[in-house]
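Shared chain: chain A. Partners: chain B in the first complex, chain C in the second.
Entry: the complex of A and B
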């Protein structure tokens, strides 16, 4: 049966000469594929965009009908919001620095010298995704020394662990896309030290991966609720949940803006990187 | 088949692996070399052990600690045995497991289909935007999603509830509630599907066009290609990812807490309630026993995930 199909296809030259004619089987299949894909993607987009739209509408709607941007200006004066934003920003910066200093040299080294360790790292960096945050927060509070337990920066120490999965995956795929070995050998044979090689050669080449890892870390710090709540620090998500504002729409608005801003920044980064790589390819 | 597999494994070295310097063994020099090779990963390991390992160990130790500090089985007995409290915690575990399975299987399948639809796209920019958005959605989660879904699907005021009501399909009229099991499961999908898309996409990228061309040259239809090549190759990856989703759904706390105000009876919420002091005096250590039980279940799912990943890498990645 199959061979029959094959032979008729070869015997009939029209299929080869005019592959894009509307009645050719190839074209039909492409159209069907496109329809199937379109339907799936539209349904998925509806599920992801509609609740988002509803959240925006709810928080920006005037009681009398129509939209207004005044809730935006009310955010700044909402009690406690400024402090929460400042705390979350500090935690985000510390977490990003911490996770980069810890992960970048390690992942590069494992890629180059210790490939057998890659699977171990993969499993280790999977653990934070699945360890129950509520259980983890209990364990952290019980085991941390008192000076750290009483400091809000304990959260940053813990967030470094939580950020590892995303940072590792970004770095791993970033390293897979460049010829690390050649770059390192070239740099080393020109006499630069390991640190210099990482800082001056590899980091610039990993810019896109590092940027997306940073934004994901930012999203994590600005989204993490469980540990901050158990630990009684009012970060932005805890504020959204607990803040007694006279206008509950403000809380929803802050939640929506945090989500939107992070997504937009990340999309901006990946598209900037895209245009960058196209430019460099054209230059070659 | 075997010939192809041999050919394949020799043609694809894992990553950009450098030469393995530690293959010699038996001498003291080799041991020193081994230690020196391993030294640079020590800071990473030390951090993981201190900040992840020690707290986890503490939970385990406390699960077997009585209120006076001695060793006891009573905490474990409270959740597994036949004390008056057992019923409630067992129900919590049942609900948690059900929620985790539902939000692993359904988003697992949907995420795979969506990832495939995206992987056939010819626009690289579109792919990158989807992966960026998935990354944010997969981990933002929690409180933000709860507020968003309340605005969309609350009983009478929800925007989408209103739309559905006007066409006679209001789910609230059919026993559905945003604040009960299926409502929470529905919201969980909002971060579980993107998580699935994120982790399964590389598997589709590893499905080499050459296999499809080979199958087509041998006369296979689309259906037969998927039946005999595509699905068998992808199955370990899909199953492995579902175990990861199971873990993520089983341990999620923030979304359920913010959505239901802690009224849904799942284990993470029960632990949270004990921590906040809503508990009979002397039962605090039950929280550790519950946390310990969760970790045991999750460890099992990670082991299965790791095994399936190993199976996956025979063909993909």
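Entry: the complex of A and C
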């Protein structure tokens, strides 16, 4: 084989020495694709950055001209903001705990015992997106026990329902990336109870999915306006739009900060998701 | 890397390790919808014995293992371990180590933490736990990889960690569910020897599920051949091969050729020779039957006027397997490779039966 001439293996040996054809259709298609992507990215970035810039400019611009960071320091002392932030934080924590306690065992159970039920679960968990929030807000209010009906924590119950589509999908895709059945059986054969198996084996391997579900829930609670407003509770989004302040620029500034925080959090989710995919590819 | 396959290089058996437990599958039936995975399956396994459950896909071997592990409940029947009925004991309380077909290491734990997991659940303190895990990883030849995570280990290494993890809890029974099927041939052969050496060293009762007859025959003390949920035959590999009890075993274990024969009382006429029928004659029809013949049960000689024609040759080193077309039958015959030169493709040959007795079956319908 060593003496075999290269020319005997290649139909047109002269083609080997030729430089890469710049005008090849493949190259053209790549350039077109790159341009297409670039244009979409620029339009999307402009759609996000321009209003953000306008909001920040409105909030931080001095009447006399130039910019000042003073409004940032005024946020904390703005009337009602502290209470709204505290309420939203409480609701976010309760909602996250509630939705996780409800969904983690449910999704694991569906994956292990009722895999054919996954489609049905997908449809059920999509309902909160389809049904107008106001409808089940009234439903929850009507069916809630009297002691909870006038409590601000009733909102958390509604938010658990609202967060379900996002949490279900995150967990479902996280569980889809690992061999749940084998891991559970391996853990149980070693003497582990169900709770211990979930806590020591499944949850650590669902870290990215749980993180993504938590962050989406957090973003949802800090962004939901309609139901909180209808139920007359002043959460951060309600405060942003309705609170009477001496300086309306502060409301805008808080809205911009919330927007920026949400964007950063979403970038974080994407990075986590990518690192999880890389890990599972390596594991395979 | 050198595997610790020689028992001489294995650490001495821990005196605290109990020897294996006797296991009894007592008349087990397990149905999934309309499918009967196990059909009145009974089997007794002696303490310290390695038994292989062998059979084609869907024969019920994995279901039998899962019922023993506690992952499936039998519809009927009992599982006895150490003479105690464990049928309703949950999997986590059965103290059985299991190695799975797919890689089952916990991805978030290092090799040592995986092995130590079962000990941690048994509230063993950190220092002795880590020491025991390291010892077991050393036993399976992975002392250099204790801190590595599953994704940093090869398939063979992962299965060895899984074996160490299963052994760490000092199980009464070791369950192996096709642990080698995802590995390449060389690693598979090495790990096969290593598992057998460790099993013998620790004298642990082991149930090994496989569809690979070579694996079963080379590792097991006894092989249990299963078909459609029931036991066909259980015996030592040598007896299974030389005296298959049923046509299914004869065909599934080893290589068999089917030769049309005619029954004459307790004998059959096989290529002009009267050969006694092996086994029970009751229920066997008279007239046309088929004999199941091993490659070494036949002899082949060159004869220009012979009725057989060599149609294929496979070289196996010391022996060469010759395939001969004779009438409607296709016969596989092993000859010494030094004598195979004259048996070129297309050569006309005579074939004779040399077996002392033959297993016969009703003719297989032509598909």
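Descriptive notes on the structure:
Convention: the second predicted complex is superposed on the first by the 245 of 284 C-alpha atoms of A that agree within 3 Å, B and C clash if a C-alpha of one lies under 4 Å from a C-alpha of the other, contacts with A are read in each partner's own complex, and residues count from 1 in each chain.
Note that in this section a contact is a pair of C-beta atoms (placed from the backbone, for glycine too) under 8 Å apart; a residue touches a chain by one contact, two chains touch by 3 or more.
It should be emphasised that the depicted structure is a prediction, and the values quoted were computed from it without experimental measurement.
Contacts of A:118 after superposition on the shared chain: chain B is touched, whereas chain C is not. Within the superposed three-chain model, A:183 lies in touch with chain C and out of touch with chain B [touch as defined at top].
By the touch criterion defined above, A:205 reaches chain C but does not reach chain B. Within the superposed three-chain model, A:191 lies in touch with chain C and out of touch with chain B [touch as defined at top]. Using the contact criterion defined above for the overlaid structures, shared-chain residue A:48 touches chain B, although it does not reach chain C. Judged by the number of chain A residues each one touches, B leads among chain B and chain C. In the superposition on chain A, chain A positions 179 are in contact with chain B in one complex as well as with chain C in the other.
By the touch criterion given at the top, residues 178-179, 182-183, 185-193, 196, 200-201, 204-205, 279, 282-283 of chain A touch chain C in their complex. By the touch criterion stated above, chain C contacts chain A in their complex at residues 69-71, 90-98, 100, 102-108, 117-118, 121-122, 150-151, 162, 165-166, 169, 175.
Residues 14-18, 20-21, 37-38, 40-41, 43-44, 47-48, 51-52, 54-59, 62, 110, 113-114, 117-118, 120-121, 124-125, 128-129, 131-133, 135-137, 139-144, 147-153, 158-160, 189-190, 193, 202, 217-220, 222, 244, 247-248, 250-251, 253-254, 257-258, 268, 271-272, 275, 287-288, 290-292, 294-295, 298, 301-302, 305-306, 309-310 of chain B are the ones that touch chain A when the two sit in their complex. Taken in their complex, chain A has these residues touching chain B: 1-3, 5-6, 29, 33, 36-37, 40-41, 44, 47-48, 50-55, 57-59, 102-103, 105-106, 109-119, 121-124, 126-136, 138-140, 142-144, 157-158, 160-161, 164, 166, 173, 175-176, 179-181, 212, 215-216, 219-220, 222-226, 229-230, 237-238, 240-241, 251-252, 255-256, 258-259, 262-263, 266-267, 269-271, 274.
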